[in-house]
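In what comes next, chain A is part of two complexes: it sits with chain B in the first one and with chain C in the second one.
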Partner chain A sequence: MATRSISSRIGAVLAAPVIWLARLLNLPLKWWQGMTGTGGMAAFFLAPNMAIFGIFVLLPLVINFAYSMTSGQALFLSDRSYVGGEQYARLMDCGNYLDPTTCREDLFWIALRNTALFVVVQVSMMTVVAMITALILNREIRGRGFWRAVFFFPVLLSPVVVGLIWRWILQREGLLNFILYNVGLEPHVWLTDRFYSFVATVGVSVWAHMGFYTLILLAGLQAIPRDLYEAAEMDGTRAGRVFWRITLPLLMPNLLVVIVLALIRAVQIFDEAYVLTGGGPGTSTLYLTQYIYEVGFASLLRNPGLAAAASIIMGLILVVLTLIQLGLGRRNEKAGERK
Partner chain B sequence: MSRVAEFLTRRRGGSGWDWTDIFTWVWLIAGIFVMFGPAVWLVLSSFKTPAALAEFPPTVLPMATEQVMVEGYDNPLELYSVSMPDGSEQVLAQVRRVGTIAQMVDPDAPDEIVKVNIAERTPQRRVAFATENYVVPLEQNDFLLYLRNSVFVTVMATIITLLTNSMAAFALSKYRFRGRDGVMLLIVATLMVPLSVILVPLYSVVNAVGLFDSLWGVILPTVATPTGVFLLRQYMLTIPDELLDAARMDHASEWQIYWRIILPLAAPALAVLAIFSIVWRWNDFLWPLVVLSRKELYTLQVGLNTYAGELNVQWHYILAMTVVTMIPVVLVFVFLQRYITAGIAGSGLK
Partner chain C sequence: MGQITLSDIQRAYGNVKVLHDINLDIADGEFVVLVGPSGCGKSTLLRLLSGLDKPTAGRIEIDGKDVTQVSAADRGLAMVFQSYALYPHMSVRQNLAFGLENIQMPKAEIAERITEAARMLEITDYLDRRPGQLSGGQKQRVAIGRAVVRNPTAFLLDEPLSNLDAELRISTRAEISALHDRLKTTMIYVTHDQVEAMTLADRIVVMRAGRIEQVGRPLDLYNTPANLFVAGFIGAPRMNLLPVKIAEAGPQSVRVEGAGGLSIMVAADGSALQPGTDATLGIRPHDIRTGTGGDGSFTATVDLMEALGPETVAHATTDDGQKILAVLNGQDTTKAGDGISFAFDAGRTHLFDAEGQRLPPPRT
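Let's turn to the complex of A and B:
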């Protein structure tokens, strides 16, 4: 009892200035309400959020287009020289689009190719792994909450922590090589190999985020009416058939959400991969966001205009993916109505 | 053991095992190792000395060679167990090593030096936690500074997020005004605008308002989260308008209605947003990396990445600091996991 009263007293002391401030605010706000009515109050409530939103989200979004049409190293738009579509032309200047080495901005095309490959492999792996895990967690198993927590755990870890954990495991004298050595397999220097470092970025990002998608799929599985399965069982339907004919069709909306969300996030891959491999060895794990970051900020010959142009191309890719999601969602709704 | 086996093999309906049950348990057990293993390995490694970290094959638990003070020597000497020529085992302390010959002394009779072939000796080891990996960076390096910066950013950003988002959500759910749907649409549309798309212009905007290289430059661009406004608005829509009307009858001002009625009733949604905001802001990496250039302003994530990028990576410190960075998130996970999973399953936010 004593500790409880102390903690509540601490809480009261901490809350006191806040409550006092809120009371103090009441007077001028009452006056404002009297002057402008509830419409003015709506404006008052919206103002702080929309001001921050306008300055730090909308404004950058708009001037990004202007930025992408200027050149030079100057920071402020007014000091930059207008070059029209030159930055885009520079990005698109390619002898052969399938061969990045023939492009003027070869790194952009390498990053684009790596990202595309990453998206395809990571999203398919993610979907399959999350699907299997969700199906298993939906079974009648003991301690389901615990098992769900097991698979969800890495989702909250910071990408830097995830990157460092795996860099430590994949290093030459790391845990993975130790395990391989013990079972008699050949150890590798994983992160200095072009192929394995790519696989590592894929695997690590699946490891870090699969719990999130598993949860979405699990929520969908639990919403499927039980009597459908009971009916199937009474008819003696095989498990595989039940999955293809009942589970998968009814899970489709959640599955689409998972695929599209995973796609949108995979296109933006940066933090874990950057900490894990730094984009290397060479350019084998250089992804689009890292390209934008390095061209815009990190390299000696930084070119904000070019980075802005590249980010707009990436934005367009994301818009297309979002529109696909909206389209699929609507088709689903219609399909639902027809039933 | 048999009770454990019984617990593990118990099935509903009492029917026998088929391949799906085996697959389920293989997947779950493998899941424990794959999902928890790396973090556990990190924690164990963080307590190893640099010498132990460089070992291959590594030991599971942090081990250190036992040391002893021997009369006549200024520094502690390492203990080895040595197989003597007469076949007996003896514990000796090593004075120095020359080539394949180690010069050793008996700790109880330190005057006589014994020469031993290094193949004949094995180190006396025991489990020892190298706590200095934690103590040294927290005392000497800028790490405490980074920790403070991260706490400041996380706390401030979360308070401002809760306040501004809840005010906006209140206006968008409980008032009718022209352009309300337009504002809502704008907010929802930008749910899909990631930081990496507006990185360059955001950087110049933050510079123009004088927030470059300051912690407020990290905080402010992140607080107007569309997700937060959306989540809170959906929740506030479920609060009945009659409550507000009754308060108005009693001459409550609109501010009092927000403060005394809406906020307490929206507490569950506010709690979910607070948890998410804490995790988001604590974990932010790209934006602080871009906007902070002075070392003393770095957040934990940026500081850790800088240490790990140095030419001579001091893994023993980095691993320990990674564990420290992980602690708040693990606490959130252990105590608030239920709310987070419910939040994700309900709204698909992350």
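Let's turn to the complex of A and C:
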């Protein structure tokens, strides 16, 4: 009784300012409802969120588009000259789209090609590795909770920290070469090799984000009724057939979410790769976001208009991917309704 | 063939023993129902039989062959799950074919078996639908169909009707019974519903707390329950169990006395009993009538009368607080609060000793 009384008193003390605020707002809210009706109340409650969205998402988008229509190095829009679609034309000016050296903005096309290759390799690898990890973590293994935490841990790290950790491991005098040297193998200069640096950016980003996708797949695996596996066992189904005919089809909604989210995220690759390789050696790990950053802010002859145009193109790629996700999601919902 | 023998089966999870020395022989073609309250171990026993789980000790034989360590798939059994366990992304046809494809059966034979099972279970029209597009009863038929196409040695059915509504349960129950008559295959059926057990079984196995309490034909269990648990579990409405004292005890008969002026001589071997010891007298609600004209009678006060038309269910309380339920023939106008006299015949009573065991029949 005494405990309840103390807790109720604490509750009353905590609630007091909320009640005070509610009373304070009561009168203006009544007036507003009288003026605008119930619909106006909805607008009132949505307004703060809409304002934040407008200021921090919509407005930058519009400004970015406006920048993409201008040229020069000036920072303020009022100091820049309007050039229409010239920046887009410059980006698209190519003798042969498959050969970046024939393009006026060859780095843009190299970055686009690298990004496309990165997306294909990283998303495939991410999906397969996350799937295998989820399948293992879904089994009755010893210390399952611990292993789940271990695989999820990199997701909590800042991308810059991830990049620094792996640079420390992969650099010329890094941990990996130290281990190789001590076991009698030939050390290798991983981050200055075109192939290995690309592999490193793929591997590190898979390592960093895999936990998140594993979690989505694990949730999907756990939602598959155990009875289905027991029915399959009674039917004498081999493990491989159980995976292809039961697990995979029933996991497909989660798998689609994983693929699309991983695709969108892979297109935006920047932090880990930039810290790890700086886009090198040469342009072998120069990805689209880094190109935009360097053109807009980091190069001596910065060109915010060109960077804005490239980011608009990248935005369009992301819109297409998001629409695909929405379309697949709706198709799944409809399939779910039919079930 | 589908003869199954369970010998000294035990199952423990850590230190918790859930099945204790289960011994059971099931004849080929027999319909055996495992019945008992939740947690009694009946589903665990079925899982051990299926091979989805392994016993801690004991031996399982199918047609004389030890299958204790044989995998579920190689036991030749088929199981119908409580949740149906149909693959939701496959059509009914694919669900039925899945197990047969696993054993690389020729396509023509698979098609033939599906057609035959679908015709038998009246699911031909749904073969191209997915489980999500079927009603509960249709799903249940598909689940049974999936078992039927495998042509198993025995069917294992784990509470297959528990997800159906009352009306559908009755009709599906009849269909399962008809299916058994047609296939003549051994069926082992788990349920907690004693009505299902009574209506379906050739033999019922009553279980409690991991042990078999009694095995027998439905009417044998109803007429001569071996102990108080079976007496209370089998039969609806539940048997009245009245606390009584042994007044006289002999090898041919036992006289007991109880509340409400109850005194009755029951034919049983009471030679092991001492006068004055506690016992329990069981009387089924349908064996009680109003009046004083029976071998035994007692008085009580009516709490509630439920008029069902052809019969009336009387809820009453004796003067020592014992609740009584009687199903009286015809329509009775007695009101709540009125006194009532109940009578019954000694031949319809069941006498249990202080340990809850049924007294043996009178010595001949």
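Keep in mind that, in the parts below, the second predicted complex is superposed on the first by the 283 of 339 C-alpha atoms of A that agree within 3 Å, B and C clash if a C-alpha of one lies under 4 Å from a C-alpha of the other, contacts with A are read in each partner's own complex, and residues count from 1 in each chain.
As a working rule, contacts are C-beta pairs under 8 Å (C-beta built on N, C-alpha and C of every residue); 3 or more make two chains touch, one makes a residue touch a chain.
The structure displayed is predicted, hence computed values, not measured ones.
Once the two complexes are overlaid through chain A, chain B and chain C fit side by side, free of any clash as defined at the top of the document. Once the two complexes are overlaid on the shared chain, A:Thr133 sits against chain B while remaining clear of chain C.
In the superposed pair of complexes, A:Leu228 makes contact with chain C only, with no contact to chain B. In the superposed model, A:Leu250 lies in contact with chain C only, and not with chain B.
With both structures placed on the common chain, the touch criterion links A:Arg238 to chain C but leaves chain B unconnected. Put simply, the nearest alpha carbons of chain B and chain C end up 6 Å apart when the two models share chain A.
Overlap of the chain B and chain C interfaces on chain A comprises no residues. Chain contact summary for the complex, chain A toward chain C: residues 225, 227-228, 230-238, 241, 245-246, 249-250, 338-339.
Residues 7-8, 10-12, 20, 23-24, 27-28, 31-32, 34-36, 38-39, 41-42, 45, 54-58, 163-165, 167-168, 170-172, 175, 177, 183, 186-187, 190, 192-194, 196-209, 220-221, 223-224, 226, 229, 253-256, 258-259, 279, 282-283, 285-286, 289-290, 301, 304-305, 308-309, 315, 318-319, 322, 325-326, 329-330, 332-333, 337, 340-341, 344-346, 348, 350 of chain B are the ones that touch chain A when the two sit in their complex.
Chain contact summary for the complex, chain C toward chain A: residues 50-52, 71-74, 77-79, 81-83, 85-89, 98-99, 102-103, 130-133, 146, 150. Residue ranges of chain A in contact with chain B, taken from their complex: 22, 25-26, 29-30, 33, 38-39, 41-43, 45-46, 48-50, 52-53, 55-61, 63-64, 67, 75-77, 132-133, 136, 139-142, 147-161, 164-169, 173, 175, 177-178, 181-182, 207, 211-212, 215-216, 218-219, 239, 257, 261, 264, 268, 270-271, 274-275, 278, 288-289, 292-293, 296-297, 304, 307-308, 311-312, 314-315, 318-319, 322.
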